[in-house]
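Just passing along the structure, written as structure tokens.
Chain nomenclature is as follows: A, B, C and D, assigned in order of appearance, with residue numbering initiated at 1 for each chain independently.
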């Protein structure tokens, strides 16, 4: 449905993700990159939890935000970078296990792209739903300036 | 303005926050607890960043979500727990420094509470704005079941 | 997928919608009610527009909010009413024509239900995406008190 | 705090608002325009209600969206137009009376502006809170093309 303008889109997403030290910190991995769709896997760890032993809602937001962001980034030209404008997430169920976040582009755009994300637990439970807006910065490297 | 129903509200918030291992992981501290208002400080660390060296938007969401959550929790009775229903965050500026997140109750309620959060960088820049909904679970311990 | 607990769910939704005078004002009609899914049609009218002649974003929000709300209401017991807790909508394209709003339940719940809505124009353009939270009020009539 | 770049900002907002036929339909008036802040008044009318006789949540969203939009528009150059990217609104209380919506700019920007809105009823009750994102279209007339 969504045709990537950059044939290296998957490698470019993986290289960018590898530079996200916050993803390394929490143990998240980018497990799939398709044009306009990505998946991030997060193994369960005790140090990712909130006060009741569930995975912290902010951690759930982190992987959904990132999955959504790379779904948009996969459709972008090679020489641009992307910033999150905003996101909204509903936490649907508490989670105490490994998670997978799936990001999908709803509407790609020259300036703004809208995406959605779903987070599921390993037992198939629907954990969270996100709706997100991103802005493309043309001619801006996706690296540390 | 908001009168706490539990005189131990501040200690209860601090004890709950101390059980949030995800906050320990990222190095966040609960630096202020007033009735209906809290502050969380997050020192800058390289391992909290995204691909361009800025603090990850999901990390910004984590501390705003948590500051907002404890602003609501401070007004709750002693024997309840609280879950995040949803939050929406706008990232206003990229941040490459220490952050502080402030959470404030907009409308306390028996079942639902609405809060807002602001994140600032140490140089005073406005980094993010959140609007959040939480649900009180009456008679439910705020600990691992 | 979603089984209605009230066999009269469709009639109940239509009766409730008919009491929404704001829907009459803008000319919206409830054109489909399935368990957990509804559709609202809005013919184009000049008096629904904003300053540039497009359908007002708030009008788009109104029909999406209502379609989402009735998708949740269709799964509720007969003796309850429902309030919108919050919604978030992205306007994806300006629209200058008839619209249809589709609402779908993402996660039904005893207290809270999460839904999503899409708005399309008659030429098939994707006009808006919504994510919404509703709260069920048990034992509360869905009529003017 | 916010300095308008267009000295005719107030007249420009009023002229634009007057072209919003949807605001005429519901009886809303732009009652105040300051740099980065506006107010819209909505008298109560029976035809603005939902099934329980309260003002329809979508109507509340319409006036908050519009108040927020003009708070951003007041700070824009004369030759631009503005589109709503997205908004999120929490309905805090049911309302059965006249309403006022106040919009305020949180962060003005060259491309994107973030605003917040509050809706109050005539008896002072806090009815709704909004957070909104808008995009400026430079060199684009704010009129029907």
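The criterion applied here is as follows: a residue touches a chain if its C-beta (ideal position, glycine included) is under 8 Å from a C-beta of that chain, and two chains touch if they have at least 3 such contacts.
Please read all numbers here as calculations on a predicted model, not as lab measurements.
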Original post:
Tell me, which chains sit next to both subunit A and subunit B?
Top reply: C, D
**OP:** Look at all chain centres (mean of CA atoms) and spot the one farthest from the centre of subunit B.
**Re:** C
**OP:** Please state whether the interface between subunit C and subunit D is built from the same residues or different ones, using more than half shared residue numbers as the mark of same.
**Re:** same
Subject >> CA centroid of subunit A to CA centroid of subunit D, Å >> reply: 32
**OP:** List the centre-to-centre spacing of subunit C and subunit D in whole Å, with centres computed as mean CA coordinates.
**Re:** 22
Subject >> subunit A-subunit C separation of Cα centroids, rounded to whole Å >> reply: 29
**OP:** Mind pulling the residue numbers of subunit C that touch at least two other chains?
**Re:** 85-86, 88, 90, 114, 133
**OP:** Give every residue of subunit B touching subunit C within the complex, in rising order.
**Re:** 85-86, 88, 111-112, 114, 133, 135
Subject >> subunit C contact footprint on subunit A (complex, rising order) >> reply: 88, 90, 92-93, 106-107, 114, 116, 126, 129, 131, 133
Subject >> subunit B partner contacts - residues on subunit A that touch it in the complex >> reply: 16-17, 19-26, 46-53, 55-59, 61-63, 65-66, 81, 83-91, 94, 142-145
